Amino acid sequence: MPVWPFVAYGGIVLILVSLILALSYVLGQRHKDRATGEAYESGIVSTGSARLRFPSQFYLIAMLFVIFDIETVMIISWAIAYQEVGWVGFAGVSVFIVILLAVLIYEWRNGALDFGPDGRKILRAYKKRKKESLAHNDAVTPLQQQQAMM
Amino acid sequence: MNLHPTTAGLLLAGILFVLGLISVLIRRNIIFMLLSVEIMLNAAGLAFVVAASHWGQADGQVMFMFILAMAAAEVSVGLALILQLYHQLRSLDSDEASRMNG
Amino acid sequence: MILLLLILIPLAGALLSWIAASRNVLWSRCIALASLLVNLVIVGQIWATHAATGGQWIYQYKADWVPHFGISLNLAMDGLSLLMLVLTFFLGALSVLISWKEINQRVGFFHFNLLFVLTGITGVFLTMDLFLFYFFWEMMLIPMYFLIGIWGHERREYAANKFFIFTQAGGLLMLLAILALYFIHGANTGVYTYDYFSLLHTPMQQDTARWLMLGFLIAFLVKLPAVPFHTWLPDAHTEAPTAGSVILAGLLLKTGAYGILRLVLPLFPEAAAHYAPWIMFLGVLGIIYGGMLAYAQNDLKRLIAYTSVSHMGFVLVGAFSFNTLAYEGVVMQMIAHGISTGALFIIAGALYERIHTRNIQDMGGLWSKVPVMGSATMIFVMASLGLPGLGNFVAEFLILLGSWQADRWITVFATIGLVVATAYSLRIMQKVFFGPSHQQYALPDLNKRELVIIVALVAAILLLGLHPQPVLNTSQKTDYVVR
Amino acid sequence: MINAWWIIGGVLFALLNTAAGLIWLERRMLALWQDRYGPNRAGPFGLFIVLADTLKLFFKEDWIPPFADKVVFVFAPAVVVASVLMSFVIIPFAPGIVVADMNIGVLFFLAMSSLGVYSIVLGGWASNNKYSLLGAMRGASQMISYEVFMGLSLMGVVVLSDSFNLQKIVEAQRTVWFVVPQLLGFLIFMVAGIAETHRLPFDIPEAESELVAGYHAEYSGMKFGMFFIGEYLGITLISAMVVTLYFGGWLGPTFLPPIIWFVIKTFLFISLFILLRASMPRPRYDQLMEYGWKVLFPLSLLNLLVTAAIKLWLISE
Amino acid sequence: MSFADFISLGPLITLFTAVVISMLLIAFKRNHRITYVFSLLAYLMALTAIIPAMLYIPHTVPPLLVVDEFSLFNTGLVLTSGLIILLLSYNYFEEREERKEEYYLLLPLATTGALVLVVSRHFMSLFLGLEILSISLYGLIAYLRARERSDEAGIKYLILAALSSAFLLFGMALVYAFTGHMDFPGIGAALRQAGYIPVTVLAGFGMMLIGIGFKLGVVPFHMWAPDIYEGAPLPVSAFIATISKGGMLVVLIRFYVDIHGNDYSMIWWMLAIVAVASMFVGNWLALTQQNIKRILAYSSIAHMGYILVAFLSGVQTGLEAISFYLVAYFITSIGAFGVLIVMSSSIQDAETLDDYRSMFWRYPWVATVFTAMLLSLAGIPLTAGFIGKFYIVMAGVNGHMWFLLFMLVINSVIGLYYYIRIIAMMFKSLATGEVTYIKPSLPVAGNITLMLLTLLLVGLGIYPTAMMQLIQQMMKMIV
């Protein structure tokens, strides 16, 4: 396979993209109004920068991705040679995948894969709380209960 | 310059490695330090690939994959630790994270 | 087998008295005393039986320990060992006795350590395997460290550390030398062993022999102690409790001398002869320097400690004179010094118990109050300065006779040491018991227990002075290196 | 052998026109299914709206927010277009009509498609707008999650055809299209593909109703247009890939030339994409993610293992 | 993989399988006690798996792994140490951390890493083992989230370990680029054929030394040690001090033997300098420390220096000495950390010297154990440490390393000082009115473990023959 068509194609794509950007820069109009320089936040005056801290959930996804993507790399390298390595290789990759699934189950059970609030869980916790507080109410005064909670 | 491809490859890897090393040494932000270490690891990986292609073996590529996996695991753990550290210190300056001495 | 028993009895006693102390302190003391007395009886019996008859080696015992390295549990007893053991158990029993009232805290652990040291010392005197020798040599250190470090006086930790590090450093040098000897022997003969008798005539290069000898010698010089290595001694002796001082001065120093006689000279006769003048010089230096320093001290225990340095100088001089006369003197000196210095430490301890000071400037005029103690002190001070009729005289006389044949000038200077000895000895008497009394102490004289101890010591030193023949006979049952 | 320059030019020309044309096509088809008119004024069937839109975009203000990270802001939309366009080099449109006949074609596709996530993250982050940031984060997590299964689901095809080369994969489908043995793989790939292009119903990163326009809220003019084009190119790419991998690529009865078969199949799938948009509600973000990790991921692993086992068994028979 | 391969790698496979199973266990039932007992069983089973593996030795699993007597011995050592550390851990984590189950994943996993190191004969397996070990350690070190120094230590270790790994890898790549082999014997053969060490390979070895030296904690790659020891949970510090270093040392020995390291004076000199520097720096820096964890850290640096002396002697006795010393050192270090664990309260670790003041009178039993451990570290008779040091000196004398030995002797004396300082502190009485704040937990299991360790320590100190014979046997195989 000659390499040059690929390179040429890539070059053309780059030129094309920069051409579009340049053209729109040249052709586009300019204006300056009172609120031009402000971020769009659905009409509300924006407060502060958007360099916020976001939930660590996202980090978790990134980690999951990094780990499992690398596993994919391993699996891919098996997939290309699976005929040569035969059943032994298959056994090997099965073990690998089983371990991978074990990890997945572990993360699942530990809530790493719960990306939003789970309605059922909240409901269960609420019911439990309610039951407990009912049981408490029979025996202890509210003051004691408050102390117990502290 | 008429470099042998292997030599050239190793040279490139070496340059990357040194760049990473310098960066680790002068950076004060832990995330950047981590990044620099990753560069060094990848430089080592590159060296392996170059060496493997020199000998016509696949071992170097396999090694590179392991390096990749290890780097990934390291980044994962590293990020988690950094998050925790940030939680405590409100800063990622490596000088701040140096309360132990002696 | 009996030799093994000699080692095991104090070891068992150590453990038992530790355990017993948690029930009853008195038991602990009794067990400790009993185990030592048993041993004393055993060695006394051996001495009595074999005094006249028998060959050079009275007992031997050998069992494999680490065959892999050629290490064996090789115990043997000849005249030298026998005498040293008698001294060991005698002084050991006394030190249990003197601690009877002095040590009130952690009694069990104290006795454990005391007996453990004695076990180590016994081992050193009995073993004929170099590895084992080193093993016991090191084993003495830790309990001694504890004795000084826990029950000692004000600066006990400093003293204990110094003692430990000095002796350990010396010990490690000896270890290197032992190992080198082991490999040289192995390389030359194909037999890798630590057995003393096998190693005795190891052929080796002149240079190597000298280096190895120095390795051994330094360990022993530190222990002895000879002058440049002596600085641990005053501290350790001063800060140790009375029993500790007795053991240190009476026994631990002797292990150094014993090591020279047993190992340095027989293993490296040529090398030893080569360095003999220098070492004798060190000995003389010790005699005079130690004596002068002793004279300058105000602390009673420190003073006594420096006299040890001086006396051990004689041992060094004698040991490197290479003739039987001197050797017999050396053995005699070891025993006599053990007894006399031990006694002086005991008296210093007794005084300290009563007036809570060791500073002789604060004492004076005590004779009128404690005449018995005073007269006992007088006897031992006289022994220390070498008055005829007491053990030390015999010893020093023999040594000087022997060394005269080896090197006259050395002998002359050593004799000057005797003069210094007179000065510091009399200073003790003068400052403590005579002279003006600065302070009024109300102090009781020796009680019965102390009296028993002192009497035993006095008897011993007198016996040595008046009838030294049994000791000399026994000490001849050793193959000295003579040239 | 056709001259490679012609191929390059042809492919690029076709792609850009398709992307632009899809604007019209989508709106017309949505209108059709939703029973309304759609663009019908400019030109025949309103076709010229494509031209009008393009011109309008070029003349719109090329606004770079003063609070944005300017270089990255400009750079981001270019990434998406470039990466998707680059992906097409490995697609065999017909026998011999392929820009670069790589032996690692599938891997190249995966690599290029994962580049797409950069444009979203960088664009959203550089905008320095809270909506954009949130959209970018969501988009990134969605895309990287689905990328894992995408790669895995493809491996079934690789196992069956024993090659990463797309031409060879197509050739291997002469007896039976891989959609038959790899139905599960196809479905997973399809879902993952939709998520990768963040098309409706998986358009969580833009989600008008909650995030205004998500990661491109601050974009306007041709830069916005490039995101737009990128999306349509993405649809085309996924359709082309699905056709190549599971539906026999250019293969078909001989009464039509191969390239026509390819185009027909591809456009069918493009229409499917548009139909999905017209008919499906948008899932919640957490539903989407959990669906991916808890259902698709184990399924794709299972699919791969079963496929390999059967293939090995068949070989050893 | 053949049947023989399976059996030979039995301990490794068992332990790793156990990790996976206990991960599922945690996923379904989060219970500290269950997880703990399961891990204990896992270690025991892995230990049992050594017995069938003995039938097949020496067995090579080409090209990565080799199972011979040397590796099996060290497998046993590593597993036993892991077991003991595990025994000491339960109470420690029970008192300190809410989510404690994952510890029982990470610890066996790290042990697995060490096991891989022990059997490896190839760069790849070396790297894999090292990284399994390291990455588990990152987690372990930072395990106590509530403790502020914990994640500082973790991140420090992470960055430095990654850095050193990069060096190790680049070094390996250079060696590989020149020799074309990644297995140790192959490299040895290639070098022998070349007859000299070219600069590239020398640079490679140097860079590998950085990586290996970091793990071993030898000077000048030792800076991490005290901080990590201080910040990590105590059982983990014990792990780092023993298993992590031991595993690496085993690989180093195998590598050095296989490439005939002694034939090349440059390598020898590199290691010699490292050895001397380690002894001196370790001991000197330990002198002024007030924190026992840090003292132990520095002392372990010095101990690695001692081991290197035996290593460099180039005689078979040297290798035997290292093995014996490792056994003694493992027992001693775990014992010392065990005392720290037992003495620590749930609020804080007993780590400053002052926490140990007059300990002998308050907790005589633990203090006795600690004294024994410290004396063993110092190499005083009746302890295994003495025989170990004796063995090392013997090897040194045999190899005529007079200079190194002299350095060793000097350092032993320096070392003595700070060990004694701790002992002295334990014997000091409390000043009147003084109170100690440490309220030790003194768990039963911990005490029993300590007792066993002490018995072992004294046993090896008095009757080392059996162990020596074992070691001599296996050394015949490797050399």
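Order as written gives the chain letters A, B, C, D and E; numbering starts at 1 within each chain.
What we mean here is this: a residue touches a chain if its C-beta (ideal position, glycine included) is under 8 Å from a C-beta of that chain, and two chains touch if they have at least 3 such contacts.
By chain, UniProt protein names: A = NADH-quinone oxidoreductase subunit A; B = NADH-quinone oxidoreductase subunit K; C = NADH-quinone oxidoreductase subunit M; D = NADH-quinone oxidoreductase subunit H; E = NADH-quinone oxidoreductase subunit N.
All values reported here derive from a predicted model rather than from experimental measurement.
What's the overlap between the neighbours of subunit A and those of subunit E?
B
Most contacts: which chain pair?
The chain pair sharing the largest number of C-beta contacts is A-D.
Based on Cα centres, what is the most central chain?
That would be E.
Which chain's C-alpha centroid is most distant from that of subunit B?
So the chain farthest away from subunit B turns out to be C.
Centre to centre, using CA atoms, which chain is the farthest one from subunit D?
C
Centroid from C-alpha atoms only, then distance subunit D to subunit E, rounded to Å. What do you get?
53
Round to the nearest whole Å and give the separation of the Cα centres of subunit B and subunit D.
33
Between subunit C and subunit E, what's the gap in Å when you average each chain's C-alpha atoms?
Here subunit C and subunit E have centroids separated by 43 Å.
Taking the mean of the C-alpha atoms as each chain's centre, how many Å separate subunit B from subunit C?
64
Going by the contact rule already set, what residues in subunit D reach two or more other chains?
none
Which parts of subunit A, given as residue numbers and ranges, touch two or more other chains?
In subunit A, 62, 69, 108 touch at least two other chains.
Let me make sure I understand the interfaces: which chain pairs count as touching?
Contact pairs between chains: A-B, A-D, A-E, B-E, C-E.
Going by the contact rule set out above, which residues of subunit E touch subunit C in the complex?
Subunit E reaches subunit C through residues 361, 375, 380-382, 386, 390, 393-394, 397-398, 405-406, 409, 412-413, 416-417, 420-421, 424, 427-428, 463-465, 468-469, 472.
Which of the residues in subunit B end up touching subunit A in this complex?
65, 68-69, 72-73, 75-76, 79-80, 83
Residue numbers of subunit B touching subunit E in their complex, please.
Residues 6, 10, 13-14, 17, 20-21, 24, 30, 33-34, 37-38, 40-41, 43-45, 47-48, 50-52, 54-55, 57, 59-60, 62-63, 66-67, 70, 73-74, 77-78, 81-82, 84-85, 88, 97-102.
Of all residues in subunit D, which touch subunit A in the complex?
Its residues touching subunit A are 4-5, 7-8, 11-12, 16, 57-63, 65-67, 74, 77-78, 81-82, 85-86, 89, 99-103, 107, 127-134, 137, 140-141, 144-145, 147-148, 151-152, 155, 158-159, 162, 164, 212, 217-218, 221-223, 225-226, 284-287, 289-290, 293-294, 297-298, 301, 304-305, 308-309, 311-312, 315-316.
Would you mind writing out the residues of subunit E in touch with subunit A in their complex?
Residues 1, 20, 23-24, 26-28.
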